[in-house]
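A, B, C, D and E are the chain letters, set down in written order, and residue numbers restart from 1 in every chain.
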Amino acid sequence: MLLARVEGNLTSTRKHPSLDGWRLIVCQPLDHTRQPKGAPVVAIDRLGAAMHHEVIVSSDGAAARHAVNDPKSPVRMMIVAIVDNASERTEVAAV
Amino acid sequence: MLLARVEGNLTSTRKHPSLDGWRLIVCQPLDHTRQPKGAPVVAIDRLGAAMHHEVIVSSDGAAARHAVNDPKSPVRMMIVAIVDNASERTEVAAV
Amino acid sequence: MLLARVEGNLTSTRKHPSLDGWRLIVCQPLDHTRQPKGAPVVAIDRLGAAMHHEVIVSSDGAAARHAVNDPKSPVRMMIVAIVDNASERTEVAAV
Amino acid sequence: MLLARVEGNLTSTRKHPSLDGWRLIVCQPLDHTRQPKGAPVVAIDRLGAAMHHEVIVSSDGAAARHAVNDPKSPVRMMIVAIVDNASERTEVAAV
Amino acid sequence: MLLARVEGNLTSTRKHPSLDGWRLIVCQPLDHTRQPKGAPVVAIDRLGAAMHHEVIVSSDGAAARHAVNDPKSPVRMMIVAIVDNASERTEVAAV
């Protein structure tokens, strides 16, 4: 699972049918100082992530296929959590 | 799943039989500003992606094996969506 | 499996239900000289890893799903070991 | 699946039994201009790839285990296609 | 599968029970000129790899779980071959 920031979404007319009705979110992985690191991934989302939200993205294909209710779907990346905002985070940063 | 741009295709005479009849597309991953990032991947395609199209590539092996109808196929990467073009994208860029 | 250092945790109110009650740890991968290398991953933990601990993180989805007791969970990364501290490590560094 | 160039092979006396009799090929991933990119992977091969051949490497573990006929084998990377040579490629480079 | 060099091992008192009794080896991936490339991985080993040995590491989770005889283990990386030494390698470097 990756820590990432939402950088936009994508629309697609020609796509695998299991993607119909899902938001396709561009998620930029972050380093632990919250700087961009590496190439973005594209994930489905039903938690309602908005622009510049920090999110946790999972690459678990089995779970994503379950989410779209299609065992043959090629969907593989899913937003699994929206990170609480920085003011909240400061209070809990020490493990 | 990765956001990538089509940079060409490959032909192969000696290959795994499950690849017969499939287009083998070279897909260059992009960062969220649409610049190349990292090494390209090779994906099968039946959506009809053309040169320089932006696409979403999935690495879900189970789904790719289903697509080629061979449960023993080593195929693993598949183009799962062709991103609508930039003029359309601008209107929907805010999540 | 990656060698990583704990760099904080994350809290999330909106998340997949299978993440409820689990600590979400930001783990920075390290090179063999213990310098940061690459983007951090987010892992669940029940070993009690604390800030700056060195840990081993596994990306095995099947095992993580078992840990959270939900076969449909998208959880994929889990801390599987806390590395003993440097003074102990020095004595055993030679394989 | 990755586009890669064959850069040599490896011999190993002490190895997992499922690797017996297989060629272990060092494959250097390439970018779309055919320059080396990232760390090499080691793949099994039965297509007969030779030094400096361009190949497509799959990381599908299920398919590789089938190829070596051992469902418990740790083999994971396999050469699945040898790319036709440059003169042929030029003619088909436009998708 | 990756080509890597053994750079040490790790000891851990608090760990997943399936790791008990296994050596945890820090393996530094190498490029094809044998220079370090990317972050190290941590692998289990029962072939007896020693410091600075070159090894092949597999990330096949299914095979690793079989090796530790625990279908729920999070173990994922395993040393699957120790590469024969350089003098032997020179003779066989041409594929």
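One rule holds for everything that comes next: contacts are C-beta pairs under 8 Å (C-beta built on N, C-alpha and C of every residue); 3 or more make two chains touch, one makes a residue touch a chain.
These numbers were taken from a predicted model, which means no experiment stands behind them.
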In the chain contact graph, what is the shortest path length, in steps, from chain A to chain E? 2
For chain A and chain C, let me know how many angstrom lie between their CA-based centres, rounded off. 19
Suppose each chain is reduced to the average of its Cα coordinates; what separation in Å results between chain B and chain C? 31
Provide the list of chain D residues touching at least two other chains, using ranges where the numbers run on. 38, 61
Give the chain order around the ring, anchored at chain B and oriented so that chain D comes second. B, D, E, C, A
Within the complex, chain D is touched by chain B residues 6-16, 19, 23-26, 28, 36, 38-43, 49-51, 61, 65, 72-77
Going by the contact rule at the top, pick out the chain A residues touching chain C in the complex. 1-3, 29-32, 37-38, 47-48, 56, 58-64, 66-67, 78, 80-84, 88-89, 92-95
